[in-house]
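Each of the two complexes below includes chain A, the first together with chain B, the second together with chain C.
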Partner chain A sequence: MNIRQRRRLLFAAALSSAVLLAASACSTSAGSASSSANASDSLVVGMSLPLSGAVADVAKAGYQGYQQWAADVNASGGLLGKQVSLDVLDDGFDENAVVANYNKLISQDKVPLLLGTFSSLLNAPASAVAERQNMLYVEPSGGNSDLFTRGFTKLFLAQPATTDALPDRFVQYITALPASERPMTAAYVTQDDPSAAPAVDIFRQKFEALGIRTVYNQTYSPTTATFDPIASAVAQSAPQMIIQGAVTDDGVQFVRSLEKLNYNPKFFFQTQAPADPAFPAAVGGSNSDGIFTAVGWSPNAKYAGNADFVTGYTQKFGEAPSEDAANSYTAGQVLEAAVKAVGSLDQTALANWLHANTVQTIVGPLKWDATGVPDGTLLLGQLQGNVLQITLPEEAATTTTVISPKPAWQQ
Partner chain B sequence: MKRALLRGSAKRSSRLLALLIGVLALAAYPVLSDNLYVQNMLILTFILAIGASGWNIMGGYAGYISLGSSLFTGLGAYTAGILVADFGVPPFIGCLVGGVTAGVAAALLSLVTRRTRGMYFVIVTFAALQLFGLIARNWKSVTGGSSGLAMPLPMWNIAYQDWPFYYSLLVVLLAAIAVSVLIRRSKLGTGLFAIKDDEDKASGIGINAAAYKMIAFVLGSIFIGVAGGIYAYYISFITPAGMFDIVASVLMVLAALLGGRGTIWGPVLGAFIIEPLSELTTTSFGGPNAGSFRLLFFAGILVLVVLFLPKGLIPSISEALHNTARMGALRIARGSSSSGASARTQVAGERGASAMAGDALKVSGLTKSFGGVKAVNDVSLRVGAGSVTGLIGPNGSGKTTLFNLIDGTVTPKAGTVALAGTSIERASRARRAHAGLARTYQLPRLFDSLSVIENVVAPERRFSLTRLFLPRMSGDERDQALDVLAQFGLAGFADISPSDLSYGQRKLVELAQILSLDPVLVMLDEPAAGISPALTERLTAIIRNLNGQGIAILLVEHDLAFIAELCDNVFVMADGEVVAEGTVAELTGNAVVVDAYLGEPAALGIGKVKS
Partner chain C sequence: MAALIQTLVFGLLIGGVYALMSTGLTLVFGVMKIVNMAQGAFLILSAYLTYSLWTYAGIDPLIGAFIVAPVMGLLGVILYKGIIERAQRIDAGLAIVATFALALILEAVTALIWGPEPATTTPDYFNQAVHIGSIAIPKAQLYACIFAVVITAGLAFIIKRTWLGHAITAASENPEGARLIGVEPARVGTWIFAISIATTAFGGAALSFLYQFVPDSQDGWIGLTLSVVILGGLGSIPGVVAGGLVLGVAEALTSNYVSVQWSTAVPFILILVVLTVRPQGLFALHSREDVSS
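Now for the complex of A and B:
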């Protein structure tokens, strides 16, 4: 066989395997299409989620939250007399893909209802597509306040508050302390992320107004790998309180660096990281004790339906729901309430109803201003015995105990 | 011949018709269908096609691979975003200004990368992309930092769907293609292809490579910048991660490689394959599992392209189509090439005649060391105007290094070089070529991306901006070049690639090429080495003829019979120094020369010298 023949053979082999690949992909798509049935007896709700790519693990919980909501709605008789089915697309955490996907859902699949996606990065362009095409858009995340400055009338955030309200409860807690027990000095460190940095800045302004001196203030890049330099700079400035805008792994890394230096602030608040069920084990022993955080949802909160959601979800998926799962479940609840109250799929009527009414959800009662910003506040949580307890507000609190000051690190 | 021309014009008009139908179909689509999903897909395809076409001007034509194209997307987007958000400028005006910003940034980046080539250019462009991403992230007061910038929603009625985005991008794409075509057909394009093939050689024939590259980079970037602005307005939200995106950069490169790098339609075709395919995998296959399918698809495409279509789709297909036709043409060319061997070349312009008096070249005290080796040590020599001067010496005696010092390839440690009385030792290579200095190489260096005749027309006698945008080859230029080729016996090979020529023919083409510089001095590096006796004879006649027109010649050669026949005066180099000067007859009696060069007098071929 000469070289040319061999190359031709190789080419044929590669081509046929490519064709086979495409064929198998087609057959798979046929399978999944029937599961997300487009039949006339079902009401299709469309959404695009970052199921592959950088935030795939977080998005999986969000997807399961939506599935749990659809199962619950269908168990109670569906919407407008029809069973709900989900038309789910994957955008790979890509802005172009999310725009393409929502365009496809609206103009090609012609879904009658939409639900939102995850992250401000994706919700910003996706909500613009929906708004332009006059579709109601209830988003489970995307709390960046810039999203609500564009005069949209059909955008609603299904969380108790945007990130601007994240500091409220902890500031309330510190303010209520007797002056002698309040911290005198504070250090602020935050990841450069839209869900953390603006909130930490608000913290600083409010605490400075309260007379707490800022001794350290630093923003670090999302790609920061080692936190020892930042931690030792913080320790050098000897703050009595540390506020960290901790989005993911950086929360644990920073705590571990402080443990190494054995630096113990009296008060320690981290924005998102401590809400992760894996956080206490990652920082080790009982070192998570006394760390504060803000959460939009707690599995222990006493709001109607919350306990059922936690049980149902855990049974169905074999794991406890995360806050992302709860957020998408909440988004489903908001959509469901509007459709049931209005009794039609008129998008403008649905949006008008949401602007005028309060919806009871697993994160508490939600109502929105004209821009779609919820007017609630988040919950203040504290890790106690490796369990995240809610300490504020009183009506949602799961404990009356507050650990203060934070116990010293155990080596 | 006439029939071939007719066939060519028929092919051209059918191609034009296809183009027209394509454009009309794209223009009509949004009006005929209200499918916003397809409209969106086409919008994203246009953006990718603009990016790939813009990249192609630098990456395809000039061979400079940039991974930083998203830099211009980002600059266009942020310029438009800031103008719209902070200054209330209408969005589409902001997009045009974004194109200007991108163009200015490309000009600055070309200055920075003036001396970087190959892998280093890739790295610098990648680093620039990261740098600007960091600036956008940290210059919060202007860019909004990681929180991003929100653009206003389009103000037109929803009945018009996304038409303004769609049509503005279609116009930008057509403009980008038109500019690609114009560049390819202009002298700028010839220069860029020459730079891709052999940048040093291009400088040696007077092509100001830095200026060519800057213009190419700027022109490509402007379109990417405008498209970036429109993209930002369309996506409605600008973040550093989304705009200064390395994946988007790589997709532009992939589209150009898939369709055919350096071709006009390749990048466009690549974009029209990649973007819809990406959509297809995202939305039609697998639903929630689409991500995995997309990865498989793109990996598969990449593997297939690299293995089977390394040149891209368009070149591979057209090669397959034209292979048979070209073999026929070659046979015809070979048949006619033996005629016209007369060497009555008339190429020298006014310069050759005017330089008749004084020295054509005067070198004094030229010195260059490589590490501890003094390759050229205090060399002084003169080439009289209108003379043929020889330079001989054993291998490694510094002859080629001396050529490199004279033409500026290598910078001397000390010494001066004057061409026709003008000092040139500080001038760039291109400037020296403009002054009338021309050389050939031991192994001929031609531009294989250009045809033989384009190689001959490629040299540039002076740099002028307006000249760059003239057609590749005017009718006069073609006639003149054909004339020169005919006199060299190469007329039948005018329109084929030099890679199809024999070694000796390539040497002749290189000589024909440098004559286009209207040289004062021609330096020939072993012109007779490795060529047939018949060609050597033809070469001798050509050199005599050039000399007869007043062109001075400096000749390095080992064939002493050849030297003796042509040269009035000969310099001998050994160990980096000039050890003797005189006629061949004088030198053969010089013991120092004989010892340094050959060791025994017989080898000098004394018997032949007087022939």
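Now for the complex of A and C:
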């Protein structure tokens, strides 16, 4: 290699490195909402979100929920006399990146307030950073109950309940059925996810205690793409009820595989996935009808501010809010209530106030125990006519109809 | 026995899909000695183009693939002439880095155009199956497999039976000798890259009705297609079929008879075994040392 070739090689290598570094930088620092992050007349709220990566679609709705909250707060005069601005970093759904981002927000950007990120996977390390730095950390998701066994005093979940309570309403529904209508057998299949897997295990324990025999029980990797063999094995075990710990597209893929096999369980419960607005279209026709899920929020719930949130969000973003958007908005409401009540940014005083008071939010009144676990319960939803209806509890129900047994798949 | 047959059917069908996704990757390596790290991104881009044709024009993905293929082929020409060829002239290793950069850029571009929400197509056959006794043969996988057979057979025919194929073989085995008989290796490279990227249209079409996908789904597909190509033998078209089928069947059997959790580890275990026992892959005629020399 002569000198000319060597120079060209070095130049090209440098160029390639620059492209890769630029791409990498894009994935770790969105900063898209931080235009006024350092303005002295604004109160900056910092957060890291997986705006790229595997759950970017969920995070987008979550980010918009935060934006809607900030807009509403600012429209009503802001916080402590200042307009709220958001300092948002992108972690690409990476645990190391989320730690780096919250350290940066606290130590470098010196944000006075934090809000949480998405998923138990990310909230677990992010909340540890906040606790270590003595910062209040209100998280919109991260309902794995293990997160609240670490003795943290400044961690709060802005949902009605943790995943330990996720099975409650569906178990209540099955238990209330006449014995002749209850399923005799059940299959449990779940993604190896810190929220979904423990919830499915609780389902299994409760249903086994009810006398429902387990005929299949498997956990699959988050990278599983092909569900036909799993669905085939489930079908061969012939369960009358299927419980799936579905987190993202695995919910759709599993339903599609069952459709191909034309296997129809009498009862079908999935975590999370059916609440995705894209779910009904992705499983085709009216095949989502009769599928149960647990949700923390309903657009039709009568809680104060909920209707305004739905209207404002829809006008602002041109689409109806998802549960993830609502969770972000709720986290903002919790933070807002504490700051307004305390009247300062003293993190310990804010946490103490939240431990001692109830906050009215769009998911209902929230109250926490000493570990930050809310004392509410989730809602039981069922897809009916491709719309998620609330069937339990009665006071929050949006319909009195429950589709049972689940209709056969349309093909 | 029915359960075993059903498992094998699923494994073979999904293996055919894997082969379809990997064909372009092995073709580029076989001739140009470039590991195209953007294969997954091209697959996802093709899937999105198919999705748009289906969503906005109602064109079935199987037909849409024939519209997307020339578009992808043209994109292949532009990217080859604009980036790959230049990088390759400097250093073959740099061309691989360039494809990696392309993958990142394509992912960002697809995210900008289509957003992060999961997309999929649902043509009539997406959830249908042909039932033979108690055995279900999903139509979607079956059609994807037919695509795989047609594409790989077509490529094998082009390589073995046409002037272009002979030119490709000559340019890959002896570039200087090829020039002496009037074959310009750079021009052949353009053709190969274009054909390779065009084939992702068919893989992308299959992906669009078999899976939900988002821009960063390319990460998973580049890993899987590389596994298939390494298993079958870098550069071997029959090898990519064998690699796909072995992988698909192994995944299905593991899922049903060992553990669901282990099924995603199967590609990597198989690669370790193949690299140990037969480093050149199942079908490649040359060892890696031959290839790199």
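Throughout what follows, the second predicted complex is superposed on the first by the 377 of 411 C-alpha atoms of A that agree within 3 Å, B and C clash if a C-alpha of one lies under 4 Å from a C-alpha of the other, contacts with A are read in each partner's own complex, and residues count from 1 in each chain.
The working rule: a residue touches a chain if its C-beta (ideal position, glycine included) is under 8 Å from a C-beta of that chain, and two chains touch if they have at least 3 such contacts.
Model, not experiment: these values are computed from the prediction.
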- Message: I'd like to know which partner A:N144 touches here: chain B for first, chain C for second, both or neither.
- Response: first
- Of the partners chain B and chain C, which touch A:T224 in the superposed model: first, second, both, neither? second
- Looking at the overlay, what does A:A408 touch: chain B (first), chain C (second), both, or neither? neither
- Message: Touch test for A:L177: chain B only (first), chain C only (second), both, or neither?
- Response: neither
- Message: Quick check for you: in the superposed arrangement, does A:D91 touch first (chain B), second (chain C), both or neither?
- Response: first
- Message: So in the superposed three-chain picture, is A:A56 touching just chain B, just chain C, both, or none of them (first/second/both/neither)?
- Response: both
- Message: With both complexes overlaid on chain A, does A:D192 touch chain B (first), chain C (second), both or neither?
- Response: both
- Is A:A233 in contact with chain B, with chain C, with both, or with neither (first, second, both, neither)? second
- Query: Which chain A residues come up in both lists, the one for chain B and the one for chain C?
  - Reply: 26, 51-53, 56, 192, 221
- Task: Report the residues of chain B in contact with chain A in the complex, numbered from low to high.
- Result: 34-41, 44, 137-138, 144-150, 152-154, 158, 234-237, 239, 241-242, 247, 278-279, 281-297, 300, 303-304, 307-308
- Item | chain B-facing residues of chain A, complex | 7, 10-11, 14-15, 18, 21, 25-26, 28-29, 32-33, 36, 49, 51-53, 56, 63, 88-92, 94-97, 99-101, 103-104, 106-108, 120-121, 124-125, 128, 131-134, 144, 146-147, 149-152, 192-194, 197-198, 221
- Using the touch definition up top, name the residues of chain C that touch chain A in the complex. 3, 6-7, 10-11, 14, 87, 90-91, 94, 97-98, 100-101, 104-105, 108, 111, 115-118, 120, 122, 126-129, 131, 136, 138, 140-141, 211-212, 214-216, 220, 224, 251-252, 255-256, 259-261, 263-265
- Show which residues of chain A lie in contact with chain C when the two form their complex. 5, 8-9, 12-13, 16, 19-20, 23, 26, 51-54, 56-57, 59-60, 189, 192, 218-221, 223-226, 228-230, 232-233, 236, 248-249, 252-253, 256, 259-262, 276, 278, 281-284, 287, 409, 411
